[in-house]
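See structure below.
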C-alpha cells in the first residue's frame, strides 16, 4: 500500500547508516530500569541515525514503552546514558526532552479531554503568562502545520469530541509545534483504520525527507517492513538485535521476538456446526453519552463453530461483548438456545448469563476479568461465586473446596506457579489469562465469548490458548472470538464477520477471506477486493467506491 | 415584606456567605488541580484562631490576618505533603486536618490565654471594621438604588470586598492565564502536564498553597470581621457547606458565588424566620436549621444538574506502581 | 511485586507510624509547657492501671469497635462513610424508642429488641446517602456529612419536643426501666468481683466482639462479602461478574449504618440508661481512625479500638488530674489518623523498596 | 475539703461554669482553704468523676448542670456520709442539696428593664439551643418585657441543634443583626459563647444588649444594659462554706435569696435611668412578696406569653 518511493528513500537512509558520517541522532547507552521486582529494561543500547525511521518490535511487556518513556524523560532510568546528536544529554524530565528536540506520541494519549485542540497544543509552551497571545500564535502556526503535513483538525474542538485518529493527529501536532526533530510513536496504528495508517505513514515519510528522526513502535511486522530503515527487537527487557530492515524478513523478526520459530497456524479440523446456539437480531447499544455504538447487528453462531469478529479496535466489538455478557444494556433481540434473554439489565446480569451457559473471557482482563488484589482461587470463581457448588451451607462459601478445585484447574491449564493462594497480580500476563480461561472454559459453556484472547500473552501461551479454544469448539461449544489481530482471526475462526462503525460490514467463510478484502471492510469500504471474496455477504453500508 | 427587609436579609446573606465564598474558592483551586480537600473546615478554624490570637496580642487586625493565613497554610502544607508527596488518601488527610485544627486551636488557646480555649475579645484596630463606601450616607434615602448601595453594598469589612473581587480574579486566572490552563490540566490529566514538561508536584503545591491563603482569609473574616475573637469550633461546619457549594457550582467561580450566596441567604432567612408557619403546620426551628443541609443533599442528588468533578480529582499522581 | 513480608505491612509499619504520632504528641505536650513523661504515666495508670480504669477503657472501646467496623465494612465496598456519627445518633433514637415503648420483662429480650431498633435506625440513616451514591452518583462523603447535621436536628427535635418527660429540665428521654439495664462487668460472674459497681463496661462489649467475628465471616466467608470486596477493588470487574453496584453499595452501607447504630446498646442502653443530646460524642469520627489503624480487618479494628479506648480513658484521666486540656486527645487522634492513614507512604515506600532491593539481591545471588 | 465539678462547657465558659468557679475561688481566697476541681470530659465520665471525688474524701461535692442529675441519683446513695450539691436540678436523696434558680424571675427583671429601655417597642432574645432551660429564660424575659410595655414585641431565636450552637459567635452576631433590623434595640443573649457575638453585634450597631449568668457589663461598657445574674457563685460559695454540714433538700435561689438578679455597676450606670431602677426595685419587691407571680416555663412546659 505504500508507494515504492518510500522504500526508495529508505534505501538511501540505510546507506547512510552503513557509512556513518556525523553523530547518531539518538544514542542510548546501557539503559536499565526496574519497576519494583520487574526488570523492564536491562542494559539496553541503541543508535539511531538522523533522517531515518527506526522500528522497535517486541512482545507485550517487552519494555518498549518503558524505554521510550525514559528517552522522553517520563521515567527515570536506574542506569545508563542518553546521547542526543553526539552530545551527552541527561534527560531527567520531559522538559529536558522537549528542549533536546524530542517529541513523543504515547500509546495512551496524554491529552486533556475537555480542553480544546489549541489549548492542548500550547500546554507547557505558552509564550507568556497570558493565554490570548499564545492561543493566537498557535492558531496561525497550527494552520501552517496542517497544510504542510496534511494534519487537519479543528483547533477549537475539544478532545473528547474527536475520533482517536484525530486525537493522534493532535499529539503529532503537539510534537511538531514544539519543533521536535526526533519523533517517537508508540504503537500508533493500533487504533487506526488501514487508510488512516496509510495516511500516517505518508506523513512519517515526509518528516523523514525533512531530516527528522523517527522511532516507531509497533507489533505489526508488515509495517516494520514497509516503512522503517532499521529495526530493533526487544525481548523480556533486553535488546536482542538491531538489523537493517532491508536485510531481514518477517520470519526472522518473529523468531528474534519470541526466541524460537513460530508457527502461527493452528491445526484444526473442519468445523461441523450443529444447532444454532446464539441468534442476534437488530442489536443496538448506546453508551453513557447516548452515542450509538452498535447499530443494529444481526448474527448467528452454531454449536461447534468459531465466529471471528475482525475490525479496528473501537468499532463496537467491545460493546458487542459487553451486551452479550450482560453488563451493558441494549435493544433488539438475543436468543440463546432459542430462548430470548433480557437486554434491559433489569431482569438479567452477568450472573444470569452465566447460568444460561454463556461464558465470557473479556478483552481487558486487568480491568474486567480479574481482581488483581484477589487470590488465584478467588479469581477462579469470580462471577461464578454464587454457584451452589461453591457453597458450604446457606451462609458461607466453601473456601477450602474452592482452593483445592483451583489447584487442580491450575494444574490442568499449566498456570505457573500453581499456588492458589497467590494474589492475581503476582502472576505474569500469560498466566493471568490462563486463570481467566480456565475459569470460563472449564464449565463447558454453550457459548464462549472471547475478546483478544492472546493480547499480552507470550507465544507459548498463545499456542496453548488457541489449542484450548479449538478443543472447546470440537466439544460442541459456540465461540464468538473478537480480536484485532487479523492473523489470529484467520487461523482460529471458521467464519469471519468484519465490524466497522458499529455495523457488520460483511461476513463469510474464512477460506475465501483475503487480507485486502478484509482490510477494506475494516475501513467501511466495499469495492472490487471485497466483492471478489466467495461466499461473503456484504452489507449495503459498505461504501461501494474506495475513497479516502 | 418590604424592600428594606429584603435588603437587610440580603445584607446578612452577604456576610454569612462571604466565609463560605472564600472557602469555596479555596476548594476550587485545590480541586481544580486534582486535590480533594475536605479539610477546609480545619484550615478556616486554624486561621480564625491565629488571627484572633495575634490580633488580640498586637491589637492589629492586619498582623492577625498574616498569622491566620499562615496558620491555614501550614495545614495546607500538611495536606499537600500527604496528598502530593506521600500520595496518601486525600479524604483521610482532610479528616486528619480537621481534627488537628479542632484540637490544636483549643490546646494552644488554653495554654496561651487561659480563657477556656478562647482568645480575648478584640476591639478597635484588632478588628476589620466595616467600610462605608463613598457617598453611601448621602444616597441612603434614595429608594431602591440608594438603599441597595448604602445598605447592601456599603458597610462591609474589607475582606468581603476582597472575597467578591476574588470571583472575577479566580475566573480570570483560571481561564485566561497560563497558570490557570496548567492548573486545570493537572486536575484533568496530570500525565498531560508531566509530558508537557511541567512539574505536576510544583503545580499542585501552588494550588494547595492558594487554597491555604483563601481558606485562611475565610477564617480570618470569621474571627476578626464578623466576630470579635476566636471561640472554639467557631467555624461550625462552614467548611463542609463550602464544599457542598463547590460541587453545586460544578467547580466554577461564578456559580460558586451564586451557590455560597444562596447558602448565606438560606441561613439569613432561617435567622430571620426561625419558625415558618405554613398554616397547616408550623415548621419547627430544628427543621429550619437543617434546611441548608437538606438542600445540599437535594442538590447533590443531581436534581439540579449533575456535577462532574475534575477527572484526576482525589487520585494521587503515581507514575510507577 | 509482593516481596514485602506480611508482618511488615500489618505490624511494623502501623506501629512505627503510631510511634511517630505519639512522639509528636509528646512534643506538643512539651510545647504547652507540660511534662510528657508524667502525662504518659497518668494515662497508662488511669486507663490500664486498675480494673476500674479497664472498665472505662473497654466501655469506650466497645463504642469504637462498632463505629470502626461500620467504617471498615463500607470501606471494603470502597465507600467512605463519614456518617457514623449521625447513624449512631439515630441508632440511639431507635434504641430509646424500643426500650420506652414496651415494658420489657428481661434485659436479654430487651437487648435483642434494642439491637434491632438501633441497627434499623442506623441503617435507615445510611440508606439515603447510599441510595444517592448508588443511583445518582452523589458523593457519599458529602451526603453523609450532611446527614450528621440533619441527624443532630432530628434528635434535638425528638428530645425537646417529643420524648422529654413533662417538666423535665434535661433534653433527654425518661430513664429506661430497670429491667432493661444491661449487666455491667461488675454483674458478670467470676470476673465481676474485680470490677467496681460503677464501671460502665457492660455485656455490649461481648456483642461487639461477636460483631467483629460476624463481620469477619461476612467479609471473608460469604457470597455477599465476596461481592463487596470485589466491588470495592474494581467496579468494572464487578459489573463484568454480574455484581450489581447498586445492590452492593446499598448492602454495604446499610450494614455499615446498622453497625454504627448498634453502638447505642453500649452508650445509651448500657451506660446512660436514657438518651441524651450528643450521646455519641464523636465516636463516629473516631471509627474512621480505628478502621484505618486496623487496616479494615475486624481483628485490627478490635485492637485499634482498644488503643483508642485507652487514649480516651487515659486522656480523660489526664484532663482530670493535670491541667492538660482534653483537646490533647483530639490532637493525638488527628496525628494517628494522619500518620497511619494519609502519611502511610512516608515509611512504607522506603521500607518496601528496602525489601524489594533485598529480594532482588537474593535473586542475583 | 470541698470539691467542684464543672460541666462540659468548661470552667472558663464566661457564664455558668465560670460563675461557679468564681464562687469557689472567692471561698478559697476568703478562708485560705483549698478545694478540688474537675472538668468533665465526656458523658460517661460523669459517674467516674463523682465517684472519684467521693472516694478521695471530698465533702461536699458540688456539681454544675442539670445533666448530672441522673448520675447523682445513682451515686449519692453509695456515699451516705458525703454531701452533694447539684445546681439546676432536683435530686431527691437524703445527702443531696438541690440548688435551683428562679431564672424566670431574674429574666423578668431584665425583661422589664429591656421593655423600658426600648424606644422601638421591639426587643430580642437569642438562646443557644431549643432546650427547656433556655425556654425558661425566654419565658421570664417576655413576661418582664410585657409588664413594662404590653404592646412590646419580642423576637426570639435559637442558634442551633449541635453543640456548636453554644460556640458560634458569628451566627449569634448575625441573628442579633437580623433582630436589630427588625427593630429590636435591646437584645438578651442566653447562649454561652454564642452570646459574645450577640453582645458584640449589638455594641457595633449601637443598640443595647443584656448579658447572662455572670456580669457581662464590662464586655462593652456603656452598651450592655445589664446582665441577668444567676448567682451560681453564691451557691457554690455557700455550699463550700457549709462544708460537711451542708443541708440536704431543695434550695431555691430566687430573688428573695439573692440567687438571681441584675447587674448594676459603673459600666452600665449611665444606661439605667432612675425610673427604670425604681420600677425594677418595685418589681423585685413585688415578686418577693408574691404580688407578682412570674410564670415558670418548667411548671407546665408552656409559656403564657410570646
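Here the chain labels run A, B, C and D in written order, and each chain numbers its own residues starting at 1.
Keep this in mind: a contact is a pair of C-beta atoms (placed from the backbone, for glycine too) under 8 Å apart; a residue touches a chain by one contact, two chains touch by 3 or more.
All figures in this text were calculated on a predicted structure; none of them were measured in a lab.
Looking at B-C alongside B-D, one finds more C-beta pairs in contact between the chains of B-C.
Averaged C-alpha coordinates put the centre of subunit B at 30 Å from the centre of subunit C.
In terms of their C-alpha centroids, the spacing between subunit A and subunit D amounts to 77 Å. As a whole-number value, the distance joining the C-alpha centres of subunit B and subunit D reads 35 Å.
Centres computed as Cα averages put subunit A at a distance of 47 Å from subunit B. Those residues of subunit A in touch with two or more other chains are numbered 36.
For subunit B, residues that reach two or more other chains under the stated contact definition are 117, 237, 286, 289-290, 321. The set of subunit C residues that touch two or more partner chains comprises 1, 149, 153, 156-157, 160. Pairwise, the chains that touch each other are A-B, A-C, B-C, B-D, C-D.
In the complex of the two chains, the subunit B residues touching subunit C come out as 38, 78, 81-83, 86-93, 95-100, 102-104, 106-108, 110-111, 117, 237, 240, 243-244, 247, 284, 286-287, 289-290, 293-294, 296-297, 300-302, 306, 321.
Within the complex, the subunit C residues that touch subunit D are 56, 59-60, 149, 152-153, 155-157, 160, 164, 166-172, 175, 196-198, 200, 267, 271-274, 276-279, 281, 312, 315-316, 319-320, 326.
Only residues 38-39, 41-45, 47-49, 51-52, 66-67, 69-70, 75, 78, 88-89, 129-133, 161-163, 298-301 of subunit D touch subunit C when the two sit together in their complex.
Remark: subunit B residues 175-182, 184-185, 188-189, 191-199, 311, 319-321 touch subunit A in the complex. Contact residues of subunit D toward subunit B in the complex are 10-14, 18, 130, 156-158, 160-164, 167-171, 173-175, 177-178, 181-182, 193, 196-197, 200, 219.
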